[in-house]
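Note that subunit A is present in both complexes that follow, paired respectively with subunit B and with subunit C.
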Partner chain A sequence: MASRQTFRQLRASLFWIFCGVALLIIIIPSIDIIVSILKAAIPVIKPDIFTKTTAQGGLQNAILGTVYLGVGVLLTAGTLGVLGGLYIAEFAPARLASVLRFFSEVLSGVPSIVIGYIGYVTLVAKGGLGWHYSLLGGVLALGALILPYIVKTTEVAFSGVPRTLREGATALGMSRVQTIRKVLLPPALPGIISGLIIALAISTGETAPLLFTAGFSDLNPSASLINSPVGYLTGVTYNDLQLPGGNYQALANAAAGVTIVIILLLIFGGRLVTARSRRLVARMDL
Partner chain B sequence: MSAGYLSVPAGAVHQQELSTDTAIRVNDLSVLVGQKALVDNVSLTFPHKRITAIVGPTGSGKTTVLRAINRMHDHTPGFSVKGDVTIGDIDVYSPDANLRVLRRRVGMLFQRANPFPQSIQDNILIAPKAHGMVPKNGSRDLCESLLQEVGLWNAVKDRLGGSPFMLSGGQQQLLCLARMLALQPDVALLDEPTSALDPGTTEHIESLLKGLREKVTILIVTHNLAQALRISDEVVFLMAGKLVEHATANKFFHDAADERSREYVSGRIG
Partner chain C sequence: MSTASELTTGDRILRAVSAVAGFLPGGIVGFFAVVMILTAIPAIAFSGLNFFTGTTFTLGNLYAVTTITHNGVTAPHGAAYGALTFIVGTFATSIFALVLAIPVSVGGVLMLTEWVPRRLQNTLAVFLELLAGIPSVVFGLWGIVVFGPIMAQHVYPALTSIGNVIPWFKGPVGAGEGLLTASLVLGIMVIPIIASTTRELLRGVPVLAKEGAIALGMTRYETTRVVTLPYIRTGILAASLLGWGRALGETIAVLIVSGNALNVLPHNIYSPTSTIASTIAALLDAALTDFTGSAVHALAYLGLLLLVISLLTNFAGRLVIKRVSTGALPVGRGI
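Up next, the complex of A and B:
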């Protein structure tokens, strides 16, 4: 009896040790990456990197480009993804929903470099739409990359709303649109927003699809959507790390630092929203 | 009849015959999942402005019958419904039945309170607004009179804009009752509305229901025979998806025609 209990305790503690090790394997490298990036970046981040372009040794054009790309991605993939997730969760017949889900999963499995290449062939090159390197091309490539993620989080947010709420609305004779707006959207919204924020964070850190579609520019982004390449933070890191000379290295490090800070802020923002939504759902007690 | 609680309380309606004033007619109703009949060829009439209790052992199809009446099975994958249901002039399963009108006239209260994630006031007004039934500037009065009617006004009058999830379970159920009454339904379908509530709140809801009988036809599913006896005029007894007996409450509890009903009343079938 005693030995069996000891065995059980031993097994339990082994389990916890295993969990702890797994956790450390995840945590240590990410902290290591963040710390080493920030360590390299902090000494070289000076106020004038925000006011000068990369041509002048700053990052202004890259920061602006990253922001433009982010806004563009939210407007296009964000809108389309939220509507798509809503359609799959609430409107599509079961068969069609599973077909759409399948294609969305396939898209999410396409490597980002391949998305970039397809973007190049269809949007940038003469044989395709011939936009040259452009903001719109970059937006569409990045959008294709995060679209499945937004579709998924939106679908989960809607289908996670308790069935009892849906039935309550149906039993009151509310139309589907009224039900969605008044009953399903409030509890689904935090999940949708945090999905958008995380998707934005993912797209902020991408490089490959942009190299093929947005190209790169040392000047601030122009007003035109096509025919004009755009700079962006990850591009600076990618390009300048390969160039000889301390100045280039410093700028690459600064760009990596700014990128990681933006991503961390987005992720923390997303977590705040998620925590809020958890509290709301917990209070609903359904 | 040994159980003490089964004696008829003073003031109960001593109706001996089933009412002929029919509000809801159910004809050859079957609810199928694939080939399996959850409800098997049930024909029934529910009397106008009376309370009918639907009783039966667990899994006997009470909820399934109730939900067939306002077409709640429409969105349950795999379910199909056969037969007819008529409520006044509405042919519920006709292809051109207007579901919005049907559900405006037939309210439903669920076993667990399901307030919407909106303010208390919006919970009450949401359905009348959806049906364009709120008088201009009258929303506040409508809200107050409904909350008064269910006895919730004093508890919530200072936090109409607050969340309904801060209310107790019983208060939430009263809010859902007020929300249902906001559409002034002709029929109310109640699925074990008090099974999660304490005796005090249960009694309060029972007396509300007795008062509502003046204007609403009430169908209530309940596991609680004492409750059925306290509030119902007629009783429908189901077993395994089939109708066993439909009788006045008085007859059902004291002189049921079917042996199985007598066994159920005496507690030998659970």
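Up next, the complex of A and C:
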């Protein structure tokens, strides 16, 4: 009996030791990535990298390009994604909704390099629209990548609003537009916004869809949507990593550091909004 | 919400506008499929099934005037499009990545939920979210500057002793760019997808069943093994399939740490390798200079293959989810 008891305990201990090691394998790399990249980046990040372009050893054009691309993605995929999510949650009949949801999920499974390739063939190349490397090409490729995510978070945000609120609105004789604007949108908004913020974080970190659509430029992005390539932070890391010489490596690290800081800020922002929305909805549920 | 109550004009307008947006993802998917198939057709005619068996992928002599023609498709002299090495590289790296990521994610999350106090749990869960948010180019940078060299110096040499039993583990171990490093980095990238889903799944395990097991005198480990794990098994399978889809299509990180081997099948697990995705990114620049245009089509063939493989894993994942249909639906792209 005693030996059986020991055997049980031994097996349990071995299992939990394995689980503990597994937890360390999850935690240590994530700390190490952030710490080692920031450690390499911080000495390089001086005020002048925000005022010089990559041609002069700064990051100004890349930061501006990343911001332009982000704004473009929010304007295109953000708007359309929120509308699409609204349709699936509030208007589409159940069967149609599940078909649309399915296609949105299929789109989210398309590899980013395939999106980049298609963007190149259809938007950039002479055989397609012939825009050359451009801001609009990059925005559309990133937008296609991020659209299903926004559709999904928006849909979840709307369908998370308690049923009692809708019934109340219907009982008051409100139209659908009124119901959506006055009753559903306020509690759904934090969920939608946090979805948009996280979507922005994802698109800030992408490289593959941009390489052959936005191209890359050492100059600040021009005002034109097409015919002019755009630099972006992840592109600096990717390009300069492959170039010999300490200056390039330093700039690659600096760009990676700035990218990580932007993304971490966005993720924390998104978390704050999500926490707020949970409290809000919890309070409304009767 | 499709009750056919009377809609006002404003309702109808909003419905119509949002319907266009609702159908957009489907439209984009259809458009992508058509573009990939049309662009790949010349390459399919040129290479046929040799594409799947050939190990030589070369764009040919892009500066020569001579061309070769096969099945009515012209390519530069010496061009050959055999993708076997990339197919092997794609499956090898992504499957090794899952072999690492699945047990680590499940074990780590079990540890987290069973033993770590709730307060600390939420803090540690933030790390999962951080890991999901790190860009793939940063994973690549870390992989080649920090992780690869450390592994090649301290860990891989120890692994070579397994080579006496499994020949694939035999050295030389190289400098830390290759199949194993790529797989490990991919594994770390896939962990957040599987781990966050596992966490959600664990929340859904019925408390009564667990309490019953404890009342029967089972230890925490036995409860986990007998009650918890069987309950979440299918959900983990679904998350793993989605994670696999992500690993198959990952481009930049793999391109940076894989050592980028052309036309060579890996001879051990440390060998340089290439995946379908990383090859498209690596060769598109050169392919654009092909005066016959056939190189771009060959890359479309690669892209089409990647698209089909990753959509299949994605479908499989969604099918499994449908069968379990718990609340824990993982979203396609990390985070």
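Basically, the second predicted complex is superposed on the first by the 260 of 286 C-alpha atoms of A that agree within 3 Å, B and C clash if a C-alpha of one lies under 4 Å from a C-alpha of the other, contacts with A are read in each partner's own complex, and residues count from 1 in each chain.
Criterion: a contact is a pair of C-beta atoms (placed from the backbone, for glycine too) under 8 Å apart; a residue touches a chain by one contact, two chains touch by 3 or more.
Source: prediction; values computed, not measured.
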Have a look at where A:Pro186 lands relative to subunit B and subunit C in the superposition and call it first, second, both or neither.
first
Could you tell me if A:Thr274 is touching subunit B, subunit C, both of them or neither one (first, second, both, neither)?
neither
Is A:Cys19 contacted by the first partner subunit B, the second partner subunit C, both or neither?
second
Touch check for A:Ala94: first (subunit B), second (subunit C), both, or neither?
both
Name the contact category of A:Asn220: first (subunit B only), second (subunit C only), both, or neither.
neither
Could you look at A:Thr170 and tell me whether it touches subunit B, subunit C, both or neither (first, second, both, neither)?
both
Which partner, subunit B or subunit C, touches more subunit A residues:
C
Starting from the residues of subunit A touching subunit B, keep only those that also touch subunit C in the other complex, and list them.
94, 170, 175
Any idea which subunit A residues touch subunit B in the complex?
94, 162, 164-165, 167-175, 178, 182-183, 186-187, 280, 283-286
For the subunit B and subunit A complex, residues of the former touching the latter:
70, 72, 75, 77, 99-104, 107-108, 110, 112, 114, 116-118, 122, 126-127, 130-131, 163, 165-166, 176, 179-180, 183
What residues on subunit C touch subunit A, complex-wise?
1-2, 5, 7-8, 10-11, 14-15, 17-26, 28-29, 32, 35-36, 39, 103-112, 114-115, 124, 126-131, 133-142, 144-147, 188, 191, 195, 219-222, 224-225, 242, 245, 248-252, 256, 277, 280-281, 284, 288, 296, 299-300, 303, 306-307, 310-311, 313-315, 318, 331-335
Subunit C contact footprint on subunit A (complex, rising order):
8-9, 11-12, 15-16, 18-27, 29-34, 36-37, 40, 79-84, 86-94, 99-100, 102-118, 120-122, 125, 144-145, 147-149, 151-152, 166, 170, 175-177, 180, 198, 201-202, 204-208, 211-212, 234, 237-238, 241, 252-253, 256, 259-260, 263-264, 266-267, 271
